[in-house]
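Each of the next two complexes has chain A plus one other chain: chain B in the first, chain C in the second.
Moving on to the complex of A and B:
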């Protein structure tokens, strides 16, 4: 693996101390990552046992906690369902660490794309601004967002559990249709690729239901049952939605939502979880609260914050 | 030179006792999903904001005058429209509709997905809760008086400060909707700003500010409600230069045209006999 000067173990240790990597190293790891990901299928086939992680949103100190709770890489296999960046204060550290771990242990860790792994969304919700603050220019943001275009969009554990960031699409009822999508692009605003990264289950209504907002679908129990039957799957694990308890199970235990950002945005007070899938395909939700380091490492974005707030 | 006269006060848990007032706040985690379902039923709403800080509040109580001003989540959600404003759709809606024109499924049950509550606080008195629209005579009266911003700009010591969220929603990553309340107590006065802020990316920005200002030696409080709204074109040039400004609501609000300002007095003499 290490044909160049790149020392991944050194990078991983540095990141785990909370330090960021230099710009040229980011260029190197994102280039290598693209070479690695281009060979991966849209739908990754993986083996149990594996621990599935939902949205982490730049909450780096909570990500370090996940490895403490779930086991360090490569002792535990991991599948991340996307939304590594935005909202939290350490998107750079989070995506840098996950990228290095993937390069170091490619068969032990799988990273899928979430709807936040996109140029458009990261410009609005924090990752772009964070790169500007930490590197003084948008180059690192450009390297990472180019890399995001190469991420796979779904995974199947032991031919039985289908895993994806958001869910199902009316334009792709069969997994084979997802396998042939052209994923190497910015997340489009519509179509199958967009739907599977954005859609939510709806416990109250059957079918695909169009959102009041004018874009986006939710999918009902019948859609899930049909998808599982058509594709000979047992269960769906997805992320994308905040759950106060860290997870939620719907549709007679055929679909789970896993949420892995505790005390989301440093204020919601919610629990988080990771799903441990064993060789018998039993699922165990390992729940946890925010890491003590998570709040104490909140940066002082506004240097006036310590002064009294004379709001008007 | 302007100076402030120190006033006797006592700090209490999450609050302060000063003049005849007990001012306090409450901050808690968001509601659990089962609690949210109960609220949805009670409020007869098809959907609540993703993050409902149902147990948070800001309360200013004057027991002697039997007047309490409160900002809480439930009262704000009670004033939401039960259905969606069909004139507002997310920016991708048009293209989405074209691509999905053959879609024959249903449309989600209606709800105001922007969560634009006209809430400007509630007042409790005589065992009654007056909502933001009720204006009993003797309690609320129109005024031309303005909140003295110059006084509020003075760096007087702040005895108590808090910033309390009531609800927020990420609009499925199409912007943000948020209701929050800031309060600060000085020796001479108390000042509160409740702000509803809505940003639908590439579509609309909206802000409803409620400011409450009270000088402790006066018999009334001033309540000023400012409504601001614009389509995105007005503010878009700023973001093209610097996309990070998009999440700076203070900056955005400062650039919005004001649609209306209404100032009222809340009279502490409401319950005085004769």
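Moving on to the complex of A and C:
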């Protein structure tokens, strides 16, 4: 990494206090991040032990809680499965902190892309609006969404556990096919790159069926077993779907969903979890509820609503 | 209303209590919330309502789940009202909106010609502050006025025209129901009551009195209620807490936590038959499939788990009263889920 005046430790400390970084610092960190990520494969190979984190969706105080529960980076290795932004009130702080941590400890933390790391969806679900409110213009949103194009899309732990945000694609039954995709683009509406970020497992139906989400597919037990066999994998860890208990395992414990945003949208009342994978590849789901700061933290003037919406 | 001098050992029965001023204002605030959300859904294209914009100060685009949820709420009422009209075609009918807020249904029905075609008198009642504000807004926008209404407005408290009546009420105080004499409510024609997120904000006993008053005084009638259920699961507990923090607690939800409790409420208060669907069932089974298709692609929707959660915590109750067995059995609401 080239030397610069960028003081990552200072940035991290500032963010951990809940303070956002100035616009020119965001430009610096996203530029550096793109340089770093170019060198990473579509499918990153990482070693255990590692703690896998699912969707966090801008719930910054719950992310700080994750580091308390799972151990601070770099003492604990982390693999994040995407969906850092949208829905929660602190997407800016969340993605800024994770970006700085990745720059500071590149071999200790891996960030994958989720379906919300995209220009289209962040204009509907909150990240764009939050950037506008906190910075007064869309430039920071542009910097981050350009950076999202560079994020890896999958990871393999110890050649055995395949990790991705959504799941499987009928266009890419082999991991080698994921490796050769051109990932450096906005998430497309269809095709393998879209599917692996949008798909969901379906315990009730075999095969690939078009998803009601309007992108991706649902994939059944037969698809999962075939994928594991073809690619010599033991297990799939993915995120993308809300789990009231914080996690869910399917298909004779061959697939896990990890969900890391407790009391999602300050409304769902759900538990969250992180998966601690040890050197023996055993998976422990460490569950937790919403952080006290998260519950009581009243978003200040930079959000236009204090409490979640219901039908009143 | 002035508190009487009470002996110190007087115990105020559960459910009959004064609603504090700030509490009342928060309930009134939910009306602004609903109007704002409806405008958001309209602006995205979920349904047509050229009138709601006059009632909203600053338009905000809401999240897709809210837009779609309000669409399903509005669409359900449309379909139920259409069925009610069909049961009593050719005769004069009344629609009475309890806690109407800034609802624009009358104006929409009028502009479509439905009010005149179906011979409907549309009656709206709500807190005095709400009614006064609504009248002000109507007076300020000729788009909300018919030629007949202009000449029929009596004062700032009431509107009375051939087809549209508007007046103040406090649903927790049966004395204020005398407004219906002033508004010339007809007790002898088929009448459909609508209460959207209204009764749940007032004590159970008060809500019961309203529901029973309606069944006692009208022989051919319907009562549509839209409100929350299931306070005890994790989502429900969070919903109770969040809404309480908004200042308008759901006072009766624990008395009718499940669908069958809701059904018993109406059946025990004089209604012949009560059909209920939760909003997931309304969206998946009751709402016209063409409308679902038209609206599905209006915006990116990535909230399916949340959608299931929130929609399963709301119901539409449709209670029916009729001397005619055929009418009782010919509505299609709850049976659509089979």
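The definition used in the following text is that the second predicted complex is superposed on the first by the 291 of 312 C-alpha atoms of A that agree within 3 Å, B and C clash if a C-alpha of one lies under 4 Å from a C-alpha of the other, contacts with A are read in each partner's own complex, and residues count from 1 in each chain.
Basically, a residue touches a chain if its C-beta (ideal position, glycine included) is under 8 Å from a C-beta of that chain, and two chains touch if they have at least 3 such contacts.
These figures come from a predicted structure and were not determined experimentally.
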If we overlay the two complexes on their shared chain A, which of chain B and chain C does A:58 touch? Say first, second, both or neither. neither
If you stack the two complexes on chain A, which partner ends up touching A:242: first (chain B), second (chain C), both, or neither? both
More residues of chain A are touched by which partner: chain B or chain C? B
Should A:115 be classified as contacting the first partner (chain B), the second (chain C), both, or neither? both
Check whether A:125 is in contact with chain B, with chain C, with both or with neither, and answer first, second, both or neither. both
Just checking: does A:201 make contact with chain B only, chain C only, both, or neither of them? Give me first, second, both or neither. neither
Partner chain(s) touched by A:310 [first = chain B, second = chain C, both, neither]: both
Determine, under the contact definition given at the top, whether A:268 touches first (chain B), second (chain C), both, or neither. both
Which superposed partner A:88 touches (first chain B, second chain C, both, neither): neither
In the superposed arrangement, what residues of chain A touch both chain B and chain C? 115-116, 121, 124-126, 212-214, 242, 244, 264, 267-270, 308-312
Touching residues of chain B toward chain A in the complex: what are they? 28-33, 50-51, 84, 89-90, 92-93, 95-97, 99-100, 103, 105-111, 113, 149, 152-153, 155, 157-158, 161, 163, 165, 171-174, 182, 184, 193, 201, 243-244, 246-247
Which residues, counting only chain A, touch chain B once they are in their complex? 115-116, 121, 123-126, 128-129, 132, 170, 189-191, 198, 202, 204-205, 207-218, 242-245, 248, 264, 267-270, 308-312
Chain C - residues contacting chain A, complex: 30, 33-34, 37, 60, 62-64, 66, 69-70, 73, 197, 228, 233-239, 242-243, 245-246, 248, 297, 299-302, 304-306, 309-310, 314
Interface residues, chain A side, partner chain C - complex: 115-116, 120-121, 124-126, 212-214, 241-242, 244, 263-270, 304, 307-312
